[in-house]
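The two complexes that follow have chain A in common; it is paired with chain B in the first and with chain C in the second.
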Partner chain A sequence: MIPTLREFLAIDLAAIITACLCALACAIVGNFLVLRRQSLLGDSIAHSVLPGLAAAFLIVGSRGSVPMFVGALIAGVLSAILSEGLRRFARVEAGAAMGVIFSAMFALGVLLMSLPRMRSVDLDADCVLNGVLETVIWTADASRGTRVPAVWSDLLDPGVLAGAPSQLLTALVVCGVVIMVVLAVFKELTLASFDSALAGALGFRPWLLHTVLVVLAAAASVASFEVVGSILVIAMLICPAATARMCTSRLRTQIALSGVFAILSVLIGYLLAGFGPMLLGYHSLALSASGMIAVAAGALLTGAIIFSPSHGLLARRIRTLRLSVAIAREDLLAMLYRVEESGDARSLTLHHARLALGGGLTTKLAIRGAIRRDQATTTPGGLALTDSGRAAARALVRTHRLWETYLVKELGLRPDHVHRSAMELEHHTTSAMADTLASIVPSTTADPHGRPIPGDRPRGNPPE
Partner chain B sequence: MLGELLDILLFRAGYTAAVVSAGCTLLGIAGGIIGCFALLRRRSLMGDALAHATLPGIAGAFLLATAMGSMLPGVLSAKSLPVLLAGATISAALGVLSVHAIVRGSGGRIREDAAIGIVLSVFFGLGYVLLSIVQALPGGTQSGLKTFIFGQPAAMSVGDAMLLAAVALGAALAALLLYKELRLLCFDEGFARVQGWPTGALDLAMMALVVIVVVVGLQAVGLVLVIALLIIPPAGARFWTDRLGTMLWVSAVMGGASGYLGVSLSALLPGVPAGAIVVLVAATLFGVSAIAAPRHGVLSRWARHAALTRRIWVDHALRALFEHAEDGATLEPLGTLSREDGRRALSGLGGDAAIAMLRKRGFIDARGDIVTLTSSGMAAATRAVRNHRLWERFLVLHADMAPSHVDRSADMIEHVLDPALMQELEAALERDEAVAAASRVPTSVHPITPDRRTPGGATGGHA
Partner chain C sequence: MLHPLSTPKSLADRPEHSPSSPLSVHDMTVAYQRRPVLWDVDYDAPSQSLIAIVGPNGAGKSTLIKACLDLLPRASGRVEFFGKSYRESRHMIGYVPQRESVDWDFPVSALDVAAMGRYAKIGWFGRVSRRHKDAARECLARVGMADLAHRQISQLSGGQQQRVFLARALAQDATLYFMDEPLAGVDAATEATIIDVLRSLRSAGKTVIVVHHDLPTVPQYFDHVLLLNTRVIAAGPVSGPESVFTSENLRRTYGGRLTLLDQAAEAVARARGG
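Now for the complex of A and B:
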């Protein structure tokens, strides 16, 4: 039962756009929260808005958007102030201070919600957690001349736009404000997030920027959570920013990426919740949209942690593996060179080479790599160096023995203690460094163990 | 209403209510004890993440048990509490592991605070997705799973309450048995490891106890608020004491009282989720502690601060009078000066008001046009001036500071020098002739100019 275009435009489109705008606003602010290690501020604000909503309703007596927004905003900012006050004046640890304040405020909210006067309202703690995304729909109101979009081009019709759900408009305004404020104080926010002390010394006021951030976070959360629920607010404040952080180290790119991830989670989550069960054959089943969006955001984050090309788990593992394969290959070449040097007619067998390099995948890749680069070949007796391999191996052995000499002569280490250090250093020494080493220990032709130090050109062609 | 409350408080409102009440009290005690260790380990909000992470476990266990129950009717009831709590425990444990996995897997790019928020929201979102499946099941809307979100002790059976009480008691006893080890872990993890304690396992044991309290607390206070039982009583107890043993007792009493009073009150207010009332009782106890606790409460801290400020003010005022009188152009005996001079000396500290204040405290006599330091005023002034000048001298002779730079720093430190330290200073400066000559008050190391005669200055800043 795939919906018709008309159904999609009237029912799903408004919800999707609203959720996207909310997610975008939260994600942008979230970047700074994650950076400043204040992610849980969002958690705290999202729990604390409940009493603000209830109080606004009790005072104003209606469920208008503006009083609700103001009440929730005040409560959100108040919770941040109270936690900070507890931390500073009563010396309660930051995490615990937040926990005390937000659980007490949430409890107060639940209490207010259950007052008899509040019973009549379609506002309960459950909808605050889960949101009412499913009720954000285009409504036709003949008296105001608004109508529901039927085709895509209707979206440009003023009559249709006037009938857009109020939550959509709130989300649009808040998202716009968040983007404008962040653009306006981007430089200062960045500075204060990375180096609050420097910001203070340069004459900015870190506490003021902190306040701006808290108010922005509260505004973004409050605008969002009435629609998508507080779970999703927390997810959107943290997950897209964390996902983007796994993909880049530049703040601008991170913020842009976090916006993309936020919108992507909304699309994936909403479509899965609405149409996923249908595809599996359960036509009557609709899953919680905001829950599914949070799950989608979590899935994207998991994907980024594992597969991100720059900082992901897999990329890090592959980099480590490459490095250890390269080191093992160099060790193999040096080993073959030493066998040749010993004058033994036998060559190193494949089996012994594997044993010497420690075996396993690294060894296998190292041997294969040496052969593929034409540095070693397999002979009937085992492995042998090619000419280019011999040149590379000679350079390595030269570096190794130069290091040993240097460590003994210049640093005064004992000859039987330097092999291991030289083994490690030789892989990270450029040829220029090796030449400098050679100039430091100029007249030496043999290493501390008495083996000759190869020249920097092949034998038979000695340097002048 | 009052009689009813009394009945409930005295366990006379029926067997079930009494068992539920006792169970919630024990839960509060267990939360208070275990929460102390979590607070000191700075793991308070980790509990919040794993409380939210129980939801998918509960809903998942319900779905699984329903599916298996339809295959094996009569063997397994989907609503059986142990099944649901087992699911909750498993997913809470997965939540803890996920926090670690995110921090480690991201190579430290995602910090623990963000990881906690991620686990909390994503697991809770998954829980809501599963709940929406449960509610689509025939009879799913009556599954009662939502009571786990806000808690509903009134819906507990005697068996449930007994289970709750037994597990809470066990957890509290386990925490007390591990007291020595957990204390070591909280205060000096490195030392514990060096001593050979398995710190990883102990950390795990602590988190396991937190999970147990959260899971058994679900039915009573609900998963959004159960964390409060682990945070609020310990944070409140912290105001009363600096000793862990005492803190555990205070925290356990606060937690127990919150559970007991909260559940009793909620029996009278059937429309209000009990968890909210339990938490508000705990928050009230916390608020009272934060304000009134004698050790670290805000009031006592303010009082101590005010007393210190007052002492500093008196020191400065008396020193100003003394130095003005010493400056020549004064009347005999020492410490007597005209009211006009006195007012001028104290101009930065309040002028006439300062004279009145010092007089009220018995430090000066002000008769007619003459202001005289009384004997106690003279003693206090002598001590203040002596402290100030000895410290200045010490800074000049031993810290190589220029005489023109020492006055301000001496202004700050002179009030907190105790007699023993002064004696040491005197001994260190013994060879200094100025000290030897004026046996009580050494001369100043710098000229005392009129514009800086009021210590602290009119602006009050130590620029």
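Now for the complex of A and C:
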């Protein structure tokens, strides 16, 4: 069932905006966590939210959003400080220290929640863990004069804005602060993340920048825990940044992309959770939106690992295949040249060429490529070089034999040991390198096996 | 004679230290887990010279640099630059850490890294302006990296990465440079470029202190040498009548035999539970 505009504005809009703001804040901070290889720090901070909330409630005695936020923030920063202390004084690795601290903090939270005074509160561990995005809705309160938006233009109405859910306001403030702080100390954060020793030597106080980052991560986690829950917030911190990292090698671009991926995850996740089951025919089923957002973030990362044009697995496979096809094509040309050179009247049959090149897809593409580039043609007997193919083949064979000569004369290798090395080297030799080679092994016209080294320009008639 | 409890205003007031020295280290001790890594180091660096710090692995060469730059806590001792503290003379000091100390997969370009040398001049919250970018580009050109300015740093060879680090130090426009093994694992062309740059720095009146591993090239590349093995074994010119770069000193620096002092240090560390 498609919601009406009224339903969308009252129920979905606040949740979507809040989730987008939280995801954006988490993603921006996440970039620096990922680059510093401190991704687990986010997890540690997120798990410490629970005892922070409980302690804040016990101290203040109400479930106001400001004390809750401050309590959780302090707990998050405390967990980072404790982890660092444990790492330094217990002499364990950073991951182990964080693991110990965040489970201890979380256990403390569970204990506090089980106190009799906490029983009456609608603050249950489940909601902290998994998030309840569904509760982020516009509320109408006649006594305060707030109402729910019914049409788009209502969003400019002060009465409507005053009724915006508190989570949305928190997310807006946190996201704004994160963006402003990162913009202000972008240069310093980058330096301290890349080379903290130099940052220290230049007087940029790496520990201070680290603390700033921890506070930002804690603020983003606390703002997000109601949206995606403290366990899933780690996905929001890490996935968009890791996805962006797969797509670029520029930090600014990476941060911008991570924001795009964060918002995409929210939109995809929210839509799938709301309408996914319906599309599959399960009309009464609704999925957890927060869970689906984290799944979408994970799916985007998986997609980037496979399909990223610069760093993806597929792109790398294609580059490798292209290279091996190019090498096989060059090998084919050189082979045809050697057949011509040997004076054998028979031409190389397709069958023999395939056998010699190892067969398979690479060989097929190499032969097709040579014909398409007009370097070889099919003759009744098999394959033959064209003029342009012969020129390319001559250059290759020349490079091959120059390398063989070089390896024997300059490096003192035995003549029967050099063919394979030369086969490798010939494909990666530029014409400038070939000229240098020729100048190192001058006055040589024959390779170590006694075969002539072709000149760098065609001389007379091609060998028949 | 100074009163034992009075702290002199500056090390330069002490007869054993010279006020014109770019680096004066006085009685510096640095310890990891209570075990001394550097012990009672006294050193005055001569100005306008290329100085090699030489010693076996674990001799405290990198530690000496880091402790001078306040990057490691000192158990005792004082360090001054041109008679001032590090905090006051920070802008005059350039630093090249070991190449392995950073993540070369970091998404920045060679130019971005070189521009980091300008950050101290830019200060907190400032933007990297065109003027600073141009200065960084010029420094890349001085190490022969102008063409690769926009290359992502993971796509550079080891030697090229080291040159980028050197360009970054040049961008700091310092008077005294500390370089931690800039010649470790670089190709011959890079080594020649780096040595050229070091010599041009010296002729511009600067002092460069380099942690160096390759003993045979010490007399060829450097004017002075600091032989270090937890303590300063010897310090002085590498050649001439006062040369300290002698086989006797090298044997003392690299000799594996435990001295009485080492044994005592072990005993102290054990007694304190180190």
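The definition used in the following text is that the second predicted complex is superposed on the first by the 460 of 464 C-alpha atoms of A that agree within 3 Å, B and C clash if a C-alpha of one lies under 4 Å from a C-alpha of the other, contacts with A are read in each partner's own complex, and residues count from 1 in each chain.
The rule we apply is simple: contacts are C-beta pairs under 8 Å (C-beta built on N, C-alpha and C of every residue); 3 or more make two chains touch, one makes a residue touch a chain.
These numbers come from a predicted model, not from an experiment.
*Asks:* Of the partners chain B and chain C, which touch A:R390 in the superposed model: first, second, both, neither?
*Replies:* After superposing on A, A:R390 lies clear of both chain B and chain C.
*Asks:* Quick check for you: in the superposed arrangement, does A:H47 touch first (chain B), second (chain C), both or neither?
*Replies:* After superposing on A, A:H47 lies in contact with chain B but is clear of chain C.
*Asks:* Contact-wise, after the overlay, does A:R250 reach chain B, chain C, both or neither (first, second, both, neither)?
*Replies:* second
*Asks:* Kindly classify A:K187 by the partners it touches after superposition: chain B alone (first), chain C alone (second), both, or neither?
*Replies:* It touches chain C, and chain B stays clear.
*Asks:* Classify the contacts of A:L287 with the two partner chains as first (chain B alone), second (chain C alone), both, or neither.
*Replies:* So A:L287 only meets chain B here.
*Asks:* For A:A104, select first, second, both or neither according to whether it touches chain B, chain C, the two together, or no partner.
*Replies:* The answer is first: A:A104 touches chain B but not chain C.
*Asks:* Contacts for A:A297 in the overlay, against chain B (first) and chain C (second): which applies, first, second, both or neither?
*Replies:* So A:A297 only meets chain B here.
*Asks:* Chain A residues in contact: does chain B have more, or chain C?
*Replies:* Comparing touch counts on chain A for chain B and chain C gives B.
*Asks:* Using the superposition on chain A described above, determine whether A:R401 touches chain B (first), chain C (second), both, or neither.
*Replies:* neither
*Asks:* Between chain B (first) and chain C (second), which does A:F204 come into contact with in this model arrangement: first, second, both, or neither?
*Replies:* So A:F204 only meets chain C here.
*Asks:* Do chain B and chain C touch any of the same residues on chain A, and if so, which?
*Replies:* Comparing the two interfaces on chain A, one with chain B and one with chain C, the shared residues are 37, 245.
*Asks:* Can you list the residues on chain B that touch chain A in the complex?
*Replies:* 39, 42, 44-45, 48, 102, 105-107, 109-111, 113-114, 116-118, 120-122, 124-129, 131-133, 136, 146, 149-150, 224-225, 227-228, 231-232, 234-235, 238-239, 269, 271-273, 275-280, 282-283, 286, 290, 296-298, 301
*Asks:* Taking the complex as given, what residues does chain A use to touch chain C?
*Replies:* 35, 37, 184-185, 187-188, 190-191, 193-195, 197-198, 200-204, 245, 248-251, 254
*Asks:* Looking at the complex, which residues from chain A come into contact with chain B?
*Replies:* 34, 37-40, 42-43, 47, 86, 89-93, 95-100, 103-104, 106-108, 110-111, 114, 116, 119, 125-126, 129-130, 231-232, 234-235, 237-239, 241-242, 245-246, 273, 282, 284-288, 290-295, 297-298, 301, 305-306, 311, 313, 316
*Asks:* Along chain C, where are the residues that touch chain A in the complex?
*Replies:* Residue positions touching the partner: 66, 69-71, 87, 90, 93, 95, 97, 101-103, 106-109, 112-113, 116, 119-120, 122, 124-128, 152, 154, 168, 172.
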